[in-house]
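Next come two complexes built around subunit A: one with subunit B, the other with subunit C.
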Partner chain A sequence: MIENVGAIKNGVMARSKGAEEKLFDALERFPALSLYIKFAFKAFQRQLAYKFEYFVGVVNGLIFIFIFTSLWKNIFSNSQATESVGFTTSGIVSYAVFAMIIRISMSQDDLGVMGKIRTGAIAMDMIKPFNFFGVTLAENVGGTMFHWFTRAAPILAVCLIFFDVSLPRHPVNYLLLAVTWILGYLIYFMVNWLFAMLAFWVIETFSFQLMKYGMFTLFSGGIIPLDFFPDFIRPAVAYIPFMYILYVPTASFIGHISPAEALGFIAFQGVWVATLGLASVVVWRAAQKKLIIQGG
Partner chain B sequence: MREELRIYLTLVIASIRARMEYKASFLFLFFALLVYYLAQVGVIVIVLTKFGSIAGWTLGEMAFLYGLMVFSQGVTTVMFGSLNEFEGQIISGDFDRLLVRPLSPLLQILSSGFEISTVAHLFIGTTALYFGSKSSGVEWTLLKGLYLPVVIGGAVLIQGGLRLGVAAVCFWTIRNRSLVHMLVYSSKEMIFYPISIYHWGMQLLLTIAFPLAFINYYPSHYFLSREGADLLFHPFIQYLTPMVGAAVFALAYLLWRLGISRYQSAGN
Partner chain C sequence: MNDDVLISCQGLRREFTVAEGRAGLLGSIKSLFSNKTSVIRAVDDISFDIRAGEFVGYVGENGAGKSTTIKMLTGILTPTGGRALVNGVVPYEERVKNAFNIGVVFGQRSQLWWDLPMSDSLDLLRAIYRVPQARYHESLAELSDWLELGPLMKMPVRKLSLGQRMRADLAASLLHGPKVMFLDEPTIGLDIIAKDNVRRFLKKINKERGVTIILTTHDMDDIEALCDRIIIIDKGKIAWDGATARLKSDHMQGKILEVEFHDYNPKIHEAVGLTEMKSEANKKWLRYRGDGGAALNEVISALFRDYCVKDLSIHEPKVADVVKAIYQHGAEVGEDGGA
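Moving on, here comes the complex of A and B:
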């Protein structure tokens, strides 16, 4: 029985390897891009190795969705104040579900770069003939593609069956999701990148990670939509990058904000991508000058 | 037994002193932990300012619920914190070393785990309990004052037993990182909120099969003098935390003994 499973797995591996090689051959015609796509592909495959982790990841996602859909359903069935908040019960439930799915879709390996800086392994990446920022982004995109197929999609399927949510019908919503998700993901990646760069200057980076994670939890919209923040905090939240990571894609996708409003948010996302991109390059340059490897 | 206790305490103090070695880094981490937990609390506070109450629990009552959980978690990490890293000791073979020493292996593991997060937990837990009981008008009687440490003891046994049981799984599977993540960390998020917001099936699960509700939800009913209209069971359940704690811990300890007796080193 066990041998059978092994044989089937080997068969699948052999077949997918063939496909992979074909893809790489085709990519050889575009040398500039092919390198980064290969890195993304490798990261995708690496993820496949951790099966139990994967299972737990899916269950964790479902636990969180269960908690917050229960919470909103309870509040919206008891409270009189719910008419003024801009969400219906089914609206807030789909917000909770899709915000969590989008959050799960974004792969987060921010410890990788940090570890490389701490151990000095980053020196090896710096002497290689490619752009380290680009390679790191490619690897994260690979991990993220893996998360879309293997975590976000099954969780979505379970939610569509058990949580009383439905997908929007209009193609515009999917287009808006694609654009806002990509921009949101870039913001997410670069915020993580900048925090990882701190490791060049300080040794104890765990504390900064904790603070980043706390702010992300509260302000990204992954749990509470921006609309529920008290009036005096809301404008401030709009001026930090976190809400553009999850709130904007989720609210655009479920149609909580109109396409016109979404376009306004997309413009802001663009500004953030440009700002953070510039900051990432500047900090990376400064870090390279700062770098001292402690032994080898 | 007394000698064992003395060695245990000496080892605990040694591990605390090791963590206090770098004071600046210690303080900064403490601050970062406060920010992290404030964000967690912030979620609940924002929901409450917007909607008034959650399943009939007001801000003060929610603070008490949260405080009971976080405080008992702080005590749990002092005593059982290192169990979450137990996988590492099994993989590296370090655990074998503990087996040949003249002190129970469990006590040796338990004495090495002081974490800074413990201080943050106790601090936030105390603040939340204080604010919560003030704001929801808890009338502290002698009985309530005496019963609070007993409840916390029971809650610590539930959480410690859970960690011990999950660690014991390593004797069979060597690895348990994912299981720790799911059963120790993620599951706890369920009891940030009164469990009456969940489907009754889940309430049953959190009461009988995986009794996290006894850490804070049921005992809070007693301290806050809640009517208990939202309870699925007879109101007497609010007094059962110490018994449930003892039962959970006993079961976990049995599993641990069973695991040790059939343990074969992974080699090194």
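Moving on, here comes the complex of A and C:
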């Protein structure tokens, strides 16, 4: 059994090698770009080592989707007020399904960098001549590609067959998804990065992590669409980055918000990417300074 | 400064500010509100020059300042004072530029990717250090031959034994052909055979590739087998700096007597012709110089006559003993850099 797995894995690598090598030969003239793409490839490949984990991931995702869709169906069948927020029963079910799939596609190793800082293993990255922020992002992108193929795609297939959901017909929705997903992903990555950077200044970061998870769960729209929030909270939620991570891609994809509204949100996403990008670089500079001047 | 000086430290100093903890519950509550700090000087005015091709042992007890010095030379720590220069680059000012010139191996940490086969880790490093394909393959073939990496190439790093992992890390640190190599305890935890392999390899790259090596270790056998020069650092200061051969000729003539006394530990009077190196419980390590003075047999019979000796054994002095003596008594020996 184990030998078989090894043989399959070697087979996969042997086959993928040809195309990969050709790509990197072509990239030889752009060493920086080639490095980042290579990091993404290797991060993808590294995930292959943990086969059991992605089966569990698929099952977990399906369980969550089952729970939330059942919950929404129940709530909607027992209440009249719900229609007023703009969701039909089938609408809320497809929101729940796609929000969960997008959430799974974005899952990140948000404790990796923090662990490196806490254990001092970051020294091994600092002795290498590369941009740690760029390399971490590239690795994350590779991991995310892996999540798309091994978790998000199979879960989507199962949902289309067994749950009462369907894909939107209009190509505009897919275009909006591509743009809002990429921007949302970058926002999520940089929020995680900034929280990880805290480990340079505080020893015990657990409470900050808890805060981040809490805010993400509540305000990203992954579980409850923001339309259900009371009016006095909604404006405040618009001024923190979380709703732009899951709510905006999900709502634009399923057509809950119009393309015109989506464009407005994309502008906000762009502002957040720029703001957080700047903050990430500034904080990383300060962190490096702290590391090399104060000794971490 | 001499032309072939590759690494140079001048008055290098590094202080750390540490928060003072207070004992007890009340103390820890108090320390929440006041931040009393104290300054620790980890590296205190260190100066040395290392020439191209030297193999230097950088030795000291835990906390003596070895790693702090190495961190400053690899560019991941800025000194509080003084200056360091590695291959013409100030490492902490141009970390990335310096990183291209140096190879680093930390015995306690790996620079390889845990989940990747070794060959993929090496391929990533090729991209990081921008080594051209042709040079990479040549360099890898040579390193793989010396370190016998062939059978390990397809194995994920997490499945390698510590000895295999160290060989892989050594190859990883040398792929880009650095002129300088920093090794922090590369033989820690290895068995005798693996240690021997690592030592033979290090000797080879020092001699054949001409790589300048700074090695920190607690294993004095490493030093004895490898280093032409020893720098002993104690409490942040250089306690001794010179050729290994000179350390031997100055401190390792004669014999070491390990003497166990009957339930007491006397003070040995000078007349016996022995100097005390170390003492614990009712045991003493005494040094017999043998330059002029009484013959060894006379010294031993005097010892038996004057004291209640339970057991006695005679050893050849080892670098470890000498280094220990220097830690204990400080640098009573004159130091000079020009080994």
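Assume the second predicted complex is superposed on the first by the 280 of 296 C-alpha atoms of A that agree within 3 Å, B and C clash if a C-alpha of one lies under 4 Å from a C-alpha of the other, contacts with A are read in each partner's own complex, and residues count from 1 in each chain.
By our rule, a contact is a pair of C-beta atoms (placed from the backbone, for glycine too) under 8 Å apart; a residue touches a chain by one contact, two chains touch by 3 or more.
Note that the structure is a prediction, hence the values are computed from the model and not measured.
When both complexes are overlaid on subunit A, subunit B and subunit C end up sitting side by side without clashing. Contacts of A:207 after superposition: subunit B is touched, whereas subunit C is not reached. Note on subunit A: of its two partners subunit C and subunit B, the one contacting more of its residues is B.
After overlaying the two complexes on the shared chain, residue contacts for A:59 are found with subunit B alone; subunit C is out of touch. After overlaying the two complexes on the shared chain, residue contacts for A:217 are found with subunit B alone; subunit C is out of touch. By the touch criterion defined above, A:70 reaches subunit B but does not reach subunit C. By the touch criterion defined above, A:284 lies against neither subunit B nor subunit C after alignment on the C-alpha atoms of chain A. By the touch criterion stated above, A:42 is placed in contact with subunit C alone, subunit B being left untouched. Measuring only between alpha carbons, the smallest separation of subunit B from subunit C in this overlay is 8 Å. On subunit A, the surface touched by subunit B in one complex and the surface touched by subunit C in the other have no residue in common. Residue ranges on subunit C touching subunit A, taken from their complex, read 14, 16-17, 71, 74-78, 92, 95-97, 99-100, 102, 104, 106, 109-111, 113-116, 120, 123-124, 127-130, 133, 154, 156.
Those residues of subunit A lying in contact with subunit C across their complex are 10, 28, 31, 34-35, 38-39, 42, 45-47, 49-50, 121, 123-124, 126-130, 291-295.
Residues 25, 28-29, 31-33, 35-40, 42-43, 46-47, 49-56, 177-179, 181-182, 186-187, 189-190, 192-193, 196-199, 202 of subunit B touch subunit A in their complex. Of all residues in subunit A, those touching subunit B in their complex are 52-53, 55-56, 59-60, 63-64, 66-67, 70-71, 73-75, 78-79, 81-82, 85, 204, 206-208, 210-211, 213-215, 217-218, 223-224, 228-230.
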